[in-house]
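The following blocks contain the structures, represented as structure tokens.
Two complexes come next, and they have one chain in common, chain A, joined by chain B in the first and chain C in the second.
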Partner chain A sequence: MLHIVNKSPYERNALESCLRLAINGSAVLLIEDGVYGAVKGGSFEGALQAALPGLKIYALGPDLSARGMADRVLDGVSVVDYGGFVDLVAEHSNCQSWL
Partner chain B sequence: MKIGVLVNEGPYTHEASDSAYNFTKAALEKGHEIYRVFFYHDGVNNATRLTEPPRDDRNIVNRWSELSKQHNLDLVVCIAAAQRRGVMDENEAKRQGKDAHNLAEGFRISGLGQLVEAGIQSDRLVTFGD
Partner chain C sequence: MSDQEMDMEEGGVVKQFMFVNRKAPYGTIYALEGLEVVLISAAFEQDVSMAFIDDGVYELKKGQDTKALGQKNFSPTYRALEGYDIEKLYVEKESMAVRGLTVEDFAVDVTVLDHAEMAAKMAEQDVLISF
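Here is the complex of A and B:
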């Protein structure tokens, strides 16, 4: 399962819920303001690092760049472009947007 | 692979319309088939041809129309959501006794069944919204 989170964890609890409910082996893709969850030194660093052994976490590169955060991504989070987003959708049997 | 796209947010709101467009474009470039893009809730505002953003801004509506033309995309607007928000094609405007219509090129108005069908017929359905 690919989970897609598009809201900042400082605005909504979608990322928190997603990390809590996603089963091991799932992938989480942060897009739009969701990429704020993947910032090094942010309040969600601990939560993401705790989730990382079980989940694959990705962040959308263009959305990181748009927010000036391309070089501040947490270690262990993979950066993908839109083509990578499409590949993630194709690779996983289903996807869930946490709106 | 057949991919369906659902857009639930209006243009120029947050970023969902842009993400949906960029995703759709990237999927087409990778050789996937976009079975349908369905516009629901405020997403129907992606389909009004009277949109006129400032010159230095992207024209989200035209962008969809152009992509539709290039790839023969099926852009479907939910009729109930569209009527609530004043988005209608010529036939619908006539039927409702309106003096104008505003559905942009490349879009068509239909029912929610088209979303259900896209869910059934596509290998994946990707939702963008608020």
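Here is the complex of A and C:
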């Protein structure tokens, strides 16, 4: 299953709920303001680090760059482009968007 | 004639306006709209300041590059505010800390206020406008 999160973890609890309800082996793609969840140094870093062993976590590169965050992505998070976004959707049988 | 009417004759009453920015850029339209209203307000010769709280601190992050996004990068506009006599940019310390940001991460010079100082600054305004 692919989970997509587009909200900042510092403004909404979408990413927190996603990490709580995603089962091991799932993929989580962070897009738009969701990419702030993939960044080093903030208070959400611990929660994401704790989820990393069980989940495959991706962040959309263009959204990181737009926000000036491309150079501080957490180790273990894979950065994908729009083509990678399409591949993730195609590879997974279902998808949950945490609006 | 009241004091206020006297002031009007001398070119209008000057009020303290604070624009309160609490949204990250690009994900929603609030940050860009807020910035445009701030620029418009410069034409009215008021005492204008901007506050950056919560995800609003992300608006000031250095190194924004929106080429791949196909949206306008409006972050250079914050550097132009000085030219419109908008020089009071206040950032809440706690909002920076929780997001792992320091003043070195910002594209403009700001005044960092802790929450108590920010609260006092907000309380002394005549008008607060939220984005």
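Observations on the structure shown:
Rule of thumb we're sticking to: the second predicted complex is superposed on the first by the 99 of 99 C-alpha atoms of A that agree within 3 Å, B and C clash if a C-alpha of one lies under 4 Å from a C-alpha of the other, contacts with A are read in each partner's own complex, and residues count from 1 in each chain.
We take it that contacts are C-beta pairs under 8 Å (C-beta built on N, C-alpha and C of every residue); 3 or more make two chains touch, one makes a residue touch a chain.
Computed from a predicted structure; not experimentally measured.
Put chain B and chain C next to each other and count what each touches on chain A; the higher total goes to C.
Within the superposed three-chain model, A:Asn94 lies in touch with chain B and out of touch with chain C [touch as defined at top]. Of the two partner chains, both chain B and chain C are touched by A:Asp33. Once chain A of one complex is fitted onto chain A of the other, the partner contacts of A:Pro62 extend to both chain B and chain C. Of the two partner chains, neither chain B nor chain C is touched by A:Gly46. Of the two partner chains placed by the overlay, only chain C lies in contact with A:Tyr10; chain B stays clear of it. In the superposed model, A:Gly25 makes contact with neither chain B nor chain C.
After overlaying the two complexes on the shared chain, residue contacts for A:Asp71 are found with chain C alone; chain B is out of touch.
In the superposition on chain A, the residues of chain A contacted by chain B and by chain C overlap at 6, 32-33, 62-63, 81.
Only residues 23-28, 54-55, 58, 61-69, 71, 73, 75, 98-101 of chain C touch chain A when the two sit together in their complex.
Residues 1, 3, 8, 14-16, 19, 22-23, 25-27, 29-30, 32, 124-130 of chain B touch chain A in their complex.
Within the complex formed with chain C, the chain A residues making contact are 6-8, 10-11, 32-33, 36, 39-43, 45, 61-63, 65-71, 81.
Residues of chain A touching chain B in their complex: 4, 6, 31-33, 62-63, 81-83, 85-87, 89-90, 94-95, 97, 99.
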